[in-house]
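Some structures are shown below for you to check.
The same chain A turns up in both complexes below, where it pairs with chain B and then with chain C.
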Partner chain A sequence: MSFGNIFGAWVSVFLTLAILSYLYKDNPFYKVAEHIYVGVSAAYWGTIAFWNQVWPNLFGRLWPYVDDQSTLSKFNQFWYKIYNGLHWFSHNVFPENGIPGDQQQNLWYIIAFFLGLFMLARLIPSINWLGRWSLAYVVGMAAGLRIYGFMSSNVIAQIHGSLLPLWGESLGTVINNLVLIVGTVTGLFYFFFSVEHKGIFGKISRVGIHFLMISFGASFGFAVMGRISLLIGRFNKLIEYSHKQYGYATLILLVAMVATLLILNLKKTEEVTE
Partner chain B sequence: MKNRGIWLKIFLLFMLIFNFAIGSEININVEVDKSEAEGQLVNMLITGIDNTTNFKVFKKLGDELQWIELKSIDKLSSKIYIKNDILTSLKVTTYDDNEKVIAEAISEPFITKAQWFNTSRLARFIFLLVTSILILFYIEKAKKKKEIYLRPIAGLKAFEEAVGRATEMGKSVLFIPGIMDLDQVETISGIIILGHVSKMTARYETDLNVPVARSIVMEAGREIVRESYMSEGRPDQFNSDMVHYLTDDQFAYAAGVNGIMLREKPAAVFMQGKFYAESLILAETGNSIGAIQIAGTGSQAQLPFFITACDYTLIGEEFFAASAYLSQDPKLLGSIKGQDMVKAAIMIIIVVGVIFESFGAEFFKKLFEIG
Partner chain C sequence: MSKFLENLGSIDRRYIFLIIAIVVFLPLIFPLGLPVEPTNLTIDAFNAVDNIPKNEKVLVSFDYGPSTKPEIHPMAIAVLRHLFTKGNRVIITCLWPDGLFMARQALQQVAIEEFDLTYGVDYCNLGYRPGNEAVIKGITRSFPANFTVDSRAIKIKEIPLMDGVQSLKNIGFIFSLSAGYPGSKEWVQYASDPLKIKTSTGVTSIQVNEILPFVKSGQLQGIVAGMPGAAEYEQLLVNNDIHPVIGKAGKSMDAQSIAHLVIVLFIVIGNISYFVKRKKEKKY
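And now, the complex of A and B:
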């Protein structure tokens, strides 16, 4: 077993136990694990966003790699002169002759480039209003794009799926179809806001909410089963790391952490008593 | 010389017969697919052969003589993408184990074109049109000061109560706008609700804390909170750090928000947006610190957790209607009424459709098929 593996196991055990220690209460171990997790993941996602999104999809489309800049059109020669300036600025981010990869040049992405710059303009108070344009674009684009998807999958496909015959080959099919139709119509009625849910409307709505709650219950049970299997997976790792080849990592760290928490708790109690 | 000519003729005749024999073994039917607006798509069907084997597909453009290999397939039907507005032919060949051509077939020449209208999406277009007209009609009606009744929703009534409770206890209000970006409708809705909640915190001079998981959501959140504090005449109380970024990572964000909950112990926790598996972790921690919790999401899989662990939950559509309720803006109220009418239409369609289906008339259901 290499030192790297053993060290990795200790770090893994420490972080797992530190995160789980929050079940006791907020404590220094949890704070350490939380800050490491938040800090590392923020840096990780920032790096991923730049190198996997901005670099290939934006810069890669604006300045794809070319073998020889002199063979380009006059406009593109000028365009790549801007890139050469960026290349002078950073050789790693902007390698010579363009961004390597299989992207084709698409100058429409200049709009995305400027919208990105507008977001950065928020750092300068006098022009921070430019950032609103980027936000407006994102919100408008999202609403426009989603409405079609929702209309297809959440409305029309649902209607299509609900159009079932009331009688079928077996009693099971009939009951199944009936439950689906009644559940869909009454569930939909529950979300009817402009009618007071009283009298017959109240009764239909109540049937609908019962259907919703039953489906939530089933969903809850299903998800809890999935979480339990995740927990078992984590415990299996802790058990594995408690063996001799890992230097009894789980046992030692567990005892050390429990002892530290006890001492801290005793100290705090003494301070409160004084 | 004469013999050579005869042999050449015999050879050519043999080749012609052989070629005919090859061609007669399989057939290729190519149908231009008009369901894609971009064109460029043909559905190819190979017939005359029973067993599925490996085929090679070639194309020939216009007057070109050479066949260009497109792809290898192992089934009888396939979708082929080609360039629009160019006369194209397809050829299919099958091979034996020794890579020897067993049979081949050539299609009739065809042209694909970009379509102005995608007829397979007609139902969706009509539905979208009717929905838009209904919503716009009721918005106009609401603008003309026609009163619109909306039934009470308990969760929305509790918003003011929750902020009031935090004010009385001298504690902060924690608002979690979900973990997704601004391209999700739930996040947009959550940010709009944040605007209303921040108006309340500005009015009551209560601390507001909004940890976010996405940079664009942070900017949008800051913008809307600043606006709220300005509109309530309390710009001095606004601090851009009220809305702060934690991390993009789902569970790191959950760990960070849990830390905030355990340390600051906010009196009111709002979870309004798009949530995934972190929902129960957040809701349980909020419950453990005794905060009044109001959740709202359209994420069906997370609703059970919120219903279990929160005091109030805005379920799906209630969550999207929240901003109309809170603002009482005629435009938003009108749109809720319009959406109700769409729901009524859907209910009628389902009832009518079920009757048709029960009597074996399938045409009605076919209208709602998504190609």
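And now, the complex of A and C:
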């Protein structure tokens, strides 16, 4: 067992127990774990976004790797002079002669580059209005991209899927289909707000509410199931790390943390008494 | 008695946490061996994978991370075992950055240690690409335009398995291992429905209600739902002589079942306590 694995196990056990300690009450262990989580998450997502998105997809398309800059067109020789400036600024981020990979040059990405800069302009109050252009692009692109998929799969295919036979099948299937159709129709009635929910309309929408309640209950059940599964996952790891090869990490840290929390609690009680 | 029942409703919640911790912990140390009966939804997903023709290329998408590993990873292992036993070749993509590490772990265990398969011939890992559903939309038109290199920085055109795979149209089946967005829903919306590619999925428990309508309408071929779904899939592998023993999910089901029983008990006690209290309040 390498030192890295053992150290990783100790860190993992400490963070797991520290987060779980919140179930007792807010305490310094939980605070430490919470702050580490926020910091590591921000750094992780920042790094992932830059090296997987900005670097290969933006810089990689603006300045793809070339063997020899002198063979480029006049415009591209000028264009790569800008890159050489960036290369001078950071050799690691902007390696010599362009971004390695298999990308083709695509100068339309200069628009994306400026839209990205505009987004950062939101940090400067005098020009923060430029950020609206970037947001407008994101909203428009996302709406356009999603509307087809949503209409096709979530609306049309679902309507098609609810056109079910009510005879000619086994009794169980017919009952299932009936429940599904009644649930769909009454649920839709409940979300129809142009008519007051009174009389026959009110009764139908009330049936819809009951179907929704059952659906929420099922969601709650699944949520509990999921959370217990995750708890099992953590407990499995805690059990694994309690073995000798990991230096009894779980047992030692559990005892140390419980003892510390008890001492802190005692001190606080004494302070209150005084 | 009524006083006792009334007090139960206002018990310190930390006792409940402690009881849950004990009932989850004990069955992991002392397994009970409760039976796992596969349900129709898992059987449908198993049959969909089982009916994929031999040698067909299958795309498995790892769209989850360490936070949902206990639920999804066992099904990833089980599905890969099933596919490799059948002789299917697997192309892996990741819409989540952490999915890359999950895929590497699963491939190390199944493809390398258990099946001793050849990278690039029997399976390949194209890795993570940012862009969520735009990546799916992109590979419906062209793989090379979206994945120039794989997760080992090997050029796509140099991977034998990718010969003849220009787009998703050349893929026989998609299996999405999903913990949220982007995941199963996006695979249905942008790949499975437009290209009519058979697709199945394994999802976290919390997603089941959201994804189930796609199964009922036939847009997805079955669903492996959370850890119990993974345990059922493992049991089906055992029942069909594909793998000799159940995996991690199956071994954890005792703890899951006992915890559910205790939670149901708490809900019943909580309700009794509420009604006793309400009756008393009405009385005075």
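Please note the rule applied: the second predicted complex is superposed on the first by the 273 of 274 C-alpha atoms of A that agree within 3 Å, B and C clash if a C-alpha of one lies under 4 Å from a C-alpha of the other, contacts with A are read in each partner's own complex, and residues count from 1 in each chain.
As a working rule, a residue touches a chain if its C-beta (ideal position, glycine included) is under 8 Å from a C-beta of that chain, and two chains touch if they have at least 3 such contacts.
Everything numeric in this text was worked out from a predicted model, so none of it was measured.
A.B. asks: Just chain B (first), just chain C (second), both, or neither: which does A:219 touch?
C.D. replies: Both partners, chain B and chain C.
A.B. asks: State whether A:267 touches chain B only (first), chain C only (second), both chains, or neither.
C.D. replies: In the superposition, A:267 touches no partner, neither chain B nor chain C.
A.B. asks: Just chain B (first), just chain C (second), both, or neither: which does A:243 touch?
C.D. replies: Touch partners of A:243: none, neither chain B nor chain C.
A.B. asks: Per the contact definition in the header, classify A:232: touching chain B only (first), chain C only (second), both, or neither.
C.D. replies: In the superposed model, A:232 contacts chain C only, not chain B.
A.B. asks: Residues of chain A touched by chain B versus by chain C: which partner has the larger set?
C.D. replies: B
A.B. asks: Considering only touches as defined above, state whether A:30 meets chain B (first), chain C (second), both or neither.
C.D. replies: A:30 contacts chain B only, not chain C.
A.B. asks: Tell me the contact category for A:101 with respect to chain B and chain C: first, second, both or neither.
C.D. replies: second
A.B. asks: Using the touch definition from the top, say if A:119 reaches chain B (first), chain C (second), both or neither.
C.D. replies: first
A.B. asks: After the superposition on A, what does A:22 contact: first (chain B), second (chain C), both or neither?
C.D. replies: first
A.B. asks: Counting contacts the way the document defines them, which residues of chain A are shared by the two interfaces, the one with chain B and the one with chain C?
C.D. replies: In the superposed arrangement, which is not itself an observed complex, chain A uses residues 49, 145-146, 150, 152, 157, 160, 162, 219, 223 for both chain B and chain C.
A.B. asks: Would you tell me which residues of chain C are touching chain A in their complex?
C.D. replies: 14, 17, 20-21, 24-25, 28-29, 67-71, 97, 128-131, 133-134, 137, 148-149, 155-156, 185-186, 188-190, 193-194, 204-206, 208-209, 213-214, 216-219, 225-228, 248, 252, 255-256, 259-260, 263
A.B. asks: Contact residues on chain A for chain C in the complex?
C.D. replies: Result: residues 23-24, 48-49, 52-53, 57, 101-103, 145-146, 149-150, 152-154, 157-158, 160-162, 180, 215, 218-219, 222-226, 228-236, 239 of chain A touch chain C.
A.B. asks: Okay, in this complex, where on chain B does chain A touch?
C.D. replies: These residues of chain B touch chain A: 123-124, 127-128, 131, 148-151, 153, 181-185, 188, 215-216, 219-220, 223, 245-249, 251-253, 255-256, 258-259, 262-263, 277, 280, 300-301, 303-305, 307-308, 315-318, 321, 336-337, 340, 343-344, 346-347, 349-351, 353-354, 356-358, 360, 364-365, 368-370.
A.B. asks: Would you mind writing out the residues of chain A in touch with chain B in their complex?
C.D. replies: Within the complex, chain A touches chain B at residues 19, 22, 25-26, 30-31, 33-34, 37-42, 44-46, 49, 119, 122, 131-132, 134-135, 138-139, 141-143, 145-148, 150-152, 155-157, 159-160, 162-167, 181, 184-185, 188-189, 191-197, 212-213, 216-217, 219-220, 223, 227.
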